[in-house]
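As written, the chains take the letters A, B, C and D, and residue 1 is the first residue of each chain.
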Amino acid sequence: MPIVEVTIVPVGTGTTSLSRYVADMQNLLEQAREPIHYQLTPMSTIIEGELTDLLEVVRRLHESPFVQGADRVCTTIKIDDRRDRPSSMEQKMKSVADRLQSST
Amino acid sequence: MPIVEVTIVPVGTGTTSLSRYVADMQNLLEQAREPIHYQLTPMSTIIEGELTDLLEVVRRLHESPFVQGADRVCTTIKIDDRRDRPSSMEQKMKSVADRLQSST
Amino acid sequence: MPIVEVTIVPVGTGTTSLSRYVADMQNLLEQAREPIHYQLTPMSTIIEGELTDLLEVVRRLHESPFVQGADRVCTTIKIDDRRDRPSSMEQKMKSVADRLQSST
Amino acid sequence: MPIVEVTIVPVGTGTTSLSRYVADMQNLLEQAREPIHYQLTPMSTIIEGELTDLLEVVRRLHESPFVQGADRVCTTIKIDDRRDRPSSMEQKMKSVADRLQSST
């Protein structure tokens, strides 16, 4: 399953605070009907699921600051899509932890 | 109209050359039935059109290295979506050129 | 203090696995003499510190796959730099959690 | 020589227009004492040169909206660094054009 990292920055809102928009995105993700997993980091939101679902969810996340009144939104997305073996947020973290342990 | 910048990097292909994949993307864009404009830069492909069309085109571009045999693809996307006035690749370049001219 | 998110993808290595490179980056960060904090996510490494330190650390992280034999490296970096009030990875997470709590 | 793509978004400025900031960046690049090449695209600025020079130039570009009064700046950077053969913005464009021509 592909993993998507998304960061959404509204432009011209007059405030440097973005937590309101990030909280909105978390609410949207919690209510998503698509079978996705998600995780908030200090810089992005990471979502895991089927690619078509992920792109639809990203589209809704990108729309959310406009609903709050923003007139311009800059969104950055990274897709990591591995198809030779199962992949997940959890598996990726575990692979690195295993490497670190075996090297000590 | 939103503008999307996309960079697609296949991982584990055994070759450092990416031009084959970029050429494929250009062919896909040329044949796209969606009403989009696009432009190649040395680092990305920029596409302009309706958001739903752009995300569908990005999905196909992201699939193209898999068709060529890649097993993992890392795709980076930036969306610039301005809704308080018409925006386009051409308009954005002109705005900067106007600023530069008026400041000399 | 600015916060930097960095993702490093070696190209043409012949393997779809990246965990070896990520583990290397974690070792580099652990040994960094600069006063930085860092955190691994499933998609990136996030680093917090002074901007000059962060860029120097990013430079070393970007070099690390070359040391392991890679011939091409694609690195993506996001800088979030807020100067009107103290900012940190921890503070950003707390701001969103506070918003989510107050809206329920 | 590595090639760097940089996009700088000031947050909370109260205006959706970014051309003023992009024009500033162009002026900074024109006056740079480092031996770099640069090119503006509708979504980014692309710079080519030695990695240490590029990171120093990126640092100055990232500072420029703060000089204009911004209190928060989100900067996105992509580094494409190929070391098995000479690379440049021009060469990358030519490689793709050659591929497209040979496939017709």
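A few remarks follow.
Following the convention adopted for this analysis, contacts are C-beta pairs under 8 Å (C-beta built on N, C-alpha and C of every residue); 3 or more make two chains touch, one makes a residue touch a chain.
None of these values were measured; they are calculated from a predicted model.
Subunit B and subunit C touch with mostly matching residues; of the residue numbers seen at this interface, over half occur in both copies. When the interfaces C-D and A-D are ranked by how many C-beta pairs touch across them, C-D comes first.
Seen from the C-alpha centroid of subunit B, the farthest chain centroid is that of C. The distance from the centre of subunit C to the centre of subunit D, with each centre set as the mean of the Cα atoms, comes to 20 Å. Distance between chain centres (mean CA atoms), subunit A to subunit D: 25 Å. With touch defined as above, residues shared between interfaces to two or more other chains in subunit D number as follows: 7, 11, 16-17, 71-72, 74, 76, 78, 80, 82, 84.
Residue ranges on subunit B touching subunit D, taken from their complex, read 3, 5, 7, 16-17, 19-20, 22-23, 26-27, 39-44, 46, 76, 78, 80, 82, 84, 89-90, 92-93, 95-96, 98-100, 103. Interface residues of subunit B facing subunit C in the complex, by the touch rule stated above, are 7, 9-18, 71-72, 74, 76.
Contact residues on subunit C toward subunit D in their complex (touch as defined above): 11, 51-52, 55, 58-59, 62, 66, 71-84.
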